[in-house]
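The following pair of complexes shares a single chain, chain A, combined with chain B in the former and chain C in the latter.
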Partner chain A sequence: MARVVVDVMLKPEILDPQGKAVHGALPRLGVSGVVDVRQGKRFELEVDELSDERLAQIHDIAEKLLSNPVIEDYRVHVEEQA
Partner chain B sequence: MKIGVVTFPGSLDDVDAQRAVDVAGAEAIALWHDEHDLRGVDAVVLPGGFSYGDYLRCGAISRFSPIMTEVIEAAGKGMPVLGICNGFQILTESHLLPGALLRNDGLKFVCRDQRLRIENTQTPWTSDYADGAEITVVLKSGEGKYVADEDTLDRLEGEGRVVARYLDVNPNGSLRDIAGVSNERGNVVGLMPHPEHAVEDLCGPGVDGLAFFTSAVSQLLRA
Partner chain C sequence: MARVVVDVMLKPEILDPQGKAVHGALPRLGVSGVVDVRQGKRFELEVDELSDERLAQIHDIAEKLLSNPVIEDYRVHVEEQA
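== the complex of A and B ==
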């Protein structure tokens, strides 16, 4: 078993109103010095075994389903088992 | 004359869309997301709602439903397809239309009677409108902000593929006030506001939306 993580973020040029709203709440916590917040999604895919073929398949899933390449970028990494 | 209306899990406006088709003088055919069958329809409407609860991204999961394989193939052959609201989102996720729809600026769900200008009356869904017609229909969406990169926007404008534009106010931050666009051929149209809620005087802000459906009927009769 292995865990592959796909992180999906809005492209830098796309305004993120949710991140902005979160950022706007920080002063209410007494927090200052955080200059920007961007919100994204994290997917954890549990796979029976890891192979190049499997990773290529996950890249395909990330591009076709988990992200929308018009507005989002994705990153795939394998999580080390504890 | 048969116009199909697809019901996905979480579609809300499928029955209103069917009614609009009936009022326009065509036969509404209910289509089911889980079937590979367009039941011999001449055109397809993807209705509004919250298919799959808007999980992942609006329209992202519906895009992979069995019926969409058929809709994408038929659209490629020139069948008129109209996506309203969530249907528009499904069409962009299917890459039948360029761009994407994002969370409204201001984060609020917007529900209002919205004025629009019909910018292109050459599509099978807008041919019954006069050039530059200004209409009022309901807008009700939380993720209606139309975005695309500058090159795509310039191309859409240049090719007359901006089908409808918001008037008076830009309710959601859509780039260049875009409320609806078409594909290159013009047969596939996506629209954020809801013409199907404006087809009878009894409810809604009037009957300004009806021409979307009568246009398709006239076009199909001519074909």
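== the complex of A and C ==
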């Protein structure tokens, strides 16, 4: 068993109102020094067996199912199990 | 400048309908071998200067603002800049 993580974030040039809302709330909570906040999605896929072919399939669904490539970037990485 | 990442995921015992929906779509896309999918949130905080105090503050907002500790777990890590 392996865990593959797909992180999906809005492209830097796309406005992120959720991130802005979090950023705007920080001073009220007494937190300073945070310059920017971006909010995105994280998918954790538990895979029974890791192979190059399976990783290629996951890249494929990251692009077609999990993200919108017009406005979002994705990153796939394999997470070491604790 | 440093980037601090907060990952927020539903606790394992909490049902995750979004993850289930993604999981259910995989066979239709010809992907097999994925046992489970969980969907969560990823926050990227750009911080002007990293200190122990700032990291403690970020842990604090991760618990109070970014997650719901009743149903979600969070993890804070500092990301190396490329």
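Going forward, the second predicted complex is superposed on the first by the 82 of 82 C-alpha atoms of A that agree within 3 Å, B and C clash if a C-alpha of one lies under 4 Å from a C-alpha of the other, contacts with A are read in each partner's own complex, and residues count from 1 in each chain.
In this text, contacts are C-beta pairs under 8 Å (C-beta built on N, C-alpha and C of every residue); 3 or more make two chains touch, one makes a residue touch a chain.
Values in this document were obtained by computation on a predicted structure and should not be read as measured data.
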Report for A:Val35: first if it touches chain B alone, second if chain C alone, otherwise both or neither.
-> second
Which one hits more chain A residues, chain B or chain C?
-> C
Would you sort A:Ile61 into first (chain B), second (chain C), both or neither based on which partner it touches?
-> second
Considering only touches as defined above, state whether A:Pro17 meets chain B (first), chain C (second), both or neither.
-> first
Given the touch rule stated above, what does A:Asp52 touch, chain B (first), chain C (second), both, or neither?
-> neither
For A:Val70, select first, second, both or neither according to whether it touches chain B, chain C, the two together, or no partner.
-> first
Using the superposition on chain A described above, determine whether A:Leu26 touches chain B (first), chain C (second), both, or neither.
-> second
Can you pull the chain A residues that chain B and chain C both touch?
-> 65-66
Using the touch rule from the top, collect the residues of chain A that touch chain B in their complex.
-> 14-15, 17-18, 21, 65-66, 68, 70-71
Once bound in the complex, which stretches of chain B touch chain A?
-> 56-57, 60, 64, 92-93, 98-100, 102-107, 147-148
Mind pulling up the chain C residues that touch chain A in the complex?
-> 1, 7-9, 19, 22, 25-26, 29-31, 33-49, 54, 57-58, 60-61, 64-66
